[in-house]
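Shared chain: subunit A. Partners: subunit B in the first complex, subunit C in the second.
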Partner chain A sequence: MNPIESSDELVTRYHRQALRKLLVLVVSVVGVIVVVGLFSVSVYDSVSIMEAYGIIWDHIMGVQHAPRSTEWWADRFIWNTVMPRVVAAIVAGASLAAAGALMQSLMNNPLADPYSTGISSGACFGAIMALVLGLTINSLSGQSGMVVNAFLGSLIPVAIVILISKRMPVSPASLILVGTALSYFFSSMVTYMMVITDADTLQNAYIWQVGTLDTVTWESIPLMFGVTVVGSAFVMFLSRQLNILSLGDANAKTLGLDVEKFRIVCLLVMAVMTASIVCFTGTIGFLGLVAPHLVRLLIGSDNRFVIPIAMAMGAFILVLADYIAMSVSDVPVGVVMSIIGSPIFFALILWQKKGYGTVY
Partner chain B sequence: MKSISLKKRTSDKDQFAMDPDAEIDLEINSLSFAYGGPDSDFKVLSDVSLKIHGAQLVSILGPNGVGKSTFIHCLNKILEPTGGTVMVNDNDLSEITVKDLAKVMGYVPYTSSDNFPLSVTDTVLMGRHPHSKWGSIDDDLRVVHEMLTLIGITDLADRNFNELSAGQHQKVMLARGLAQEPRILFLDEPTSNLDVRFQLEITRMLKRLSRQKNMLVIMISHDINIAAKYSDNIIMLFDGGVYAVGRPQDVITSENISHVYEVGAQVITDNGRPHIVLVDDDDTDYDDDHNYHVLRTG
Partner chain C sequence: MSIIDEFIDRYHRLSRRRLMFAVLFFVVAAVSVIMSLGFGTYHISLTEALNTFIDHISGGVVDRKDDLYVWDIRLPRAIGAAFIGAGLAMGGVVMQNLMQNPLAEPYTMGVSSGAFLGAVLSMMLGFSVVPALSGDMAVVCNAFLFSLIPVAIITLVSRFKKLSPTAIILLGIAIMYVFSSITQYLMVTAEAETLASAYHWRVGSLSKVTWENLPFLVVFVTVISVILYTFHRKLDAMYSGDRCAQTLGVNPSLLRGVCLVLVSLMTAAVVSFTGTIGFIGLVGPHIARMFVGSSNKLLMPSAVAFGAAFLILADTVAKVSGVNGLPVGVISSMVGGPLFLYILIKKNRKVWM
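Now for the complex of A and B:
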């Protein structure tokens, strides 16, 4: 690399690199749009992909179609079967990716993901308690009882982790260990409940555990969407602080970051973001761990870019995986994601280790 | 608790800030530190009292495990002392928020985590964090460029932090510390991974900057000769306290070295500065008659 002659050159070069990073964002967003089109055509194949976009656009703009016309039927099909799924996939993908990037920076650990503090097993515990034992908070029954249970259940382990870190200074590695210990505790409870239940309930419980978008309806969207928008705005606002934390706690402190307080606030935000997704979709794995890494491999580790781009990438991956899962039928989206995602991830790591450096 | 007292202070008037022309005063009063709390048996520092005044280069010497890094961590709020007070220009350190402190105090650690490596530019740019505001990025980048030039690493600007050698790491962290433009800069063995040329250049530069930027530079060192050559004052730590403090010629004596490091040393004078030659008491003769060599073969 040539030495930089003047400070002006450094400034212009810096901004140019930022623009190049945004390219990955654009590619991911375009990817999402393409998959939405493919998805729509796959459920209602008497319209072309461009017509499908037109129908979605018309619906957003509030255009009414003549009852029982092709557009009217297409609109009903697309809007009632595809769109809730797709919107949920986009929101969940973006939220889990943001939470994953946040967690990895917060714990300064590339193996961290949104479930590292035990959120997933807490949520499973809550949901499966509703499913198997019929025990719900406020004695809500059916789907909504399960959602409320899962939401509250997922917050239990995080609450314990936060209480511990408030009482004494704990290193990020110990926080993850505490989370892991709590995970094992709740997982064993889940296993116990699954062992004592009948086959049908067991299957439902299992599907919930691996995550699915089948159960998502328009009613699920507002909470997910609201929490994701607020949460991710917050995470992006803190991205510079997260960068500083990547140098280690001591460094971050001497750069003016109150590390302990910052970590607690971020854990809380991350927990609510993840809980609001997981309670509707079950514990979708892989994405929160891998989407941020994929982005880092492509554009480097600057959180100001990693977080928004990982959100777009996460949305793209989940929508695509769900589209493929739907087409193959009866394969859970989490399985598709791992089968396709793992080799790509693996290849990118090898590519980077071969000395190509960051891929841009 | 602390955040409540902070709010009271900021609401009444003065956030901690330092007049750029004011002389620096660092006053350490019976500072103690023990890992595990004041009642723990693992005491590292006990009853350290010092007064450091004015822009200068101060070196902290002492054997491994004596608490040099712990001492510095007590002065920059990474650790909370278990006893005693630290006053920065008459402000009690325990009442200054880390945010305010970062504007006047910088720290270049011995190691940095690089799990999520940023580019060298971005890493040095972090030093600007305590000062940066919305839209100040271009000005901050200019400071970054100034520091990269000063340390002589503009050619590394676009490289990732994890692709660098240990010595280059150290230079980047140094540039980051300087980009913070602190009034007091702590460094933990800043030249340990550098070659001889840069050991001299960087230490000389630190001394020069202490004058130019009216900055108090306090560094931990294991290189007694480099410390003796450039330091204005030396603090020698031993057995949980200050064993000797003062001008290099008063602190670097063969008695002090042999007592603190338990190694024989002969002190000669070079340009008016002490220079030590280590003496090995073990007189076993290893130069026996077996055959050994290293030859260049191509």
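Now for the complex of A and C:
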């Protein structure tokens, strides 16, 4: 970088970076909207893409169509099959990306993701206990039993971390290591259950673990949506503190942040956010780890921007991947995401420019 | 006594204690190899097993059946467990130093996902890299070759571009995701039975270690561990960051490149025979570090001994629990997870940096 720069250059550079942020955000949001249209048309192909938008808009506005008209049928199809899936994908994508960004800042570690404290293995433990052993909390059966089990299971590791946090240093390294120990413990139980069960149950359990949006219905949305809105508002509210934290614990303390308490509170919020998603969809990987990195590579690592833009980007990636997964049929959404996303991620790491986001 | 003398005295006491722990780890490892001869599904008492062992060495086999179990099944398995545990722990120490990251482990570069993809391709599609092979050998060979792909890609890329540790980790993750997503696709679309056998492969077992394939394993782990040990001072320097290392006369990118290849080769050799046994490579070094400190001169041998002892003991439990019992990977995590947690809280001090 040239040390002597005129103020004009600085101003143009600043404008260019601001524009870049805006551009990434707009592309993500527009991307989501386009995919929603394509998705609707692929399910009910006797309407055009613009008509599909019209129908969705009408439904939101509360317009009633004449029974058994084209619009009426289109409305039923789109609203009952496409929309729950799409809304779930948007909410899940945004939530996992925000949780990922939060964890990476919280732990000061590029390898951290929402599952780092053992949430995913806890959730698997709960869900697979329901599936393999038929053990559920308050004896719910079938799908809802699994959901409740997974939700509670995913909170166990974090609860343990919080309980023992008084008796150990709450540094990023030790938190991560405790989380890793817990997740090894729970996944060993999962593995054990998977090994003792018969091949068919193992298959079901494996598919749950890989993650899918197939099973999401309108009933799942309120919890996901509510938790995500509250959680991500909270995270955005704390983005300045997260920026301070990235200077390291000692500096953050000097600047007046109660690092230990802050970390525990954030961990709890992140856990509830992730749990509310994972219990419905299974453990969809890749997104929580990679979406924040993608955004940082594109716009730099100021959390005030990273978090909202990562949410938009996460929603876009998950919706798009789910659309592709559904059109190709039978491919799990996580697989689509990794196969398309990883090469892009790879290229971005290689061609990152100095000045914009170097990853940490 | 002056304050300085007191400090020196305290330092010596600390070093002595650390050395003692290192020796202790080795003793435990040696004892557990011998102990493990007496445990398994075939009933034979420990003393009888030891007698059989001594008889075989002195040339007079008394009971053919006892000899078969003790000498041909249990001994290679115990030695294999020792070397696998040792190799994984060594790989973990080196990776954590190289990447300056407490979460790094031998599998961070994507070795395990590569191996698993190779194995699954062979099991499900009958694809073999070396066409002449089939069956179990094809699985092993595929796993070995595929597990080296990630490190090959990263080495190739680093010829054109200087990579920071973070960039290497992230590239490793990107490759890992591609591999594991292909594996997941194959697994999800496979028949339930095939999926089950692939899953069992991944969970890992030491039952496939025999006298025939043991030399391969031993040579790989020993040679590479010795080479890595000669780098112990340079790795100490790496621990404190690339810039510090440079000031101390180490070429960080070169050292990193060389060590990555070595660790990957060693891990590939281990994984292709046993499946991906987790936990030891990540947590073994941390547990050893809590007892002997982070100077690699002592840490490397201690971690090696700890890894060996731990895997043998875990495998002993696995053997006792029977054919359909607990897999060794499950036991090591089930016992090791809480153990690690306990030590972490009990010691209540920084384990990293």
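Throughout what follows, the second predicted complex is superposed on the first by the 332 of 360 C-alpha atoms of A that agree within 3 Å, B and C clash if a C-alpha of one lies under 4 Å from a C-alpha of the other, contacts with A are read in each partner's own complex, and residues count from 1 in each chain.
Rule of thumb we're sticking to: contacts are C-beta pairs under 8 Å (C-beta built on N, C-alpha and C of every residue); 3 or more make two chains touch, one makes a residue touch a chain.
These figures come from a predicted structure and were not determined experimentally.
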In the superposed model, does subunit B or subunit C contact more residues of subunit A?
C
Examine A:W73 and indicate which partner it touches, taking first as subunit B and second as subunit C; both and neither are also allowed.
neither
Applying the document's definition of touch, where does A:L10 land relative to subunit B and subunit C: first, second, both, or neither?
first
Pick one for A:Y53: touches subunit B only (first), subunit C only (second), both, or neither.
neither
Examine A:S246 and indicate which partner it touches, taking first as subunit B and second as subunit C; both and neither are also allowed.
first
Using the touch definition from the top, say if A:P110 reaches subunit B (first), subunit C (second), both or neither.
both
Which subunit A residues lie in the overlap of the subunit B contact set and the subunit C contact set?
109-110
Contact footprint of subunit B on subunit A as seen in their complex:
1-7, 10-11, 13-14, 17, 104-105, 108-110, 240, 243-244, 246-248, 250-251, 253-258, 261, 296, 300-302, 357-358
Please give the residue numbers of subunit B that touch subunit A in the complex, ascending.
3, 73, 76-78, 97-103, 105-107, 109, 112-113, 115-119, 121-123, 126-127, 129-130, 138, 141-142, 144-146, 148, 154-160, 163, 180
Touching subunit C in the complex: which residues of subunit A?
109-112, 164, 167-169, 171, 173-174, 176-178, 180-182, 184-185, 187-189, 191-192, 194-196, 199-200, 202-203, 206-207, 210, 285-286, 289-290, 293, 330-332, 334-339, 341-343, 345-346, 349-350, 359-360
Hey, which residues of subunit C end up touching subunit A in the complex?
101-103, 157, 161, 166-167, 169-171, 173-175, 177-178, 180-182, 184-185, 187-189, 192-193, 195-196, 199-200, 203, 278-279, 282-283, 286, 324, 326-327, 329-334, 336-338, 340-341, 344-345, 348-353
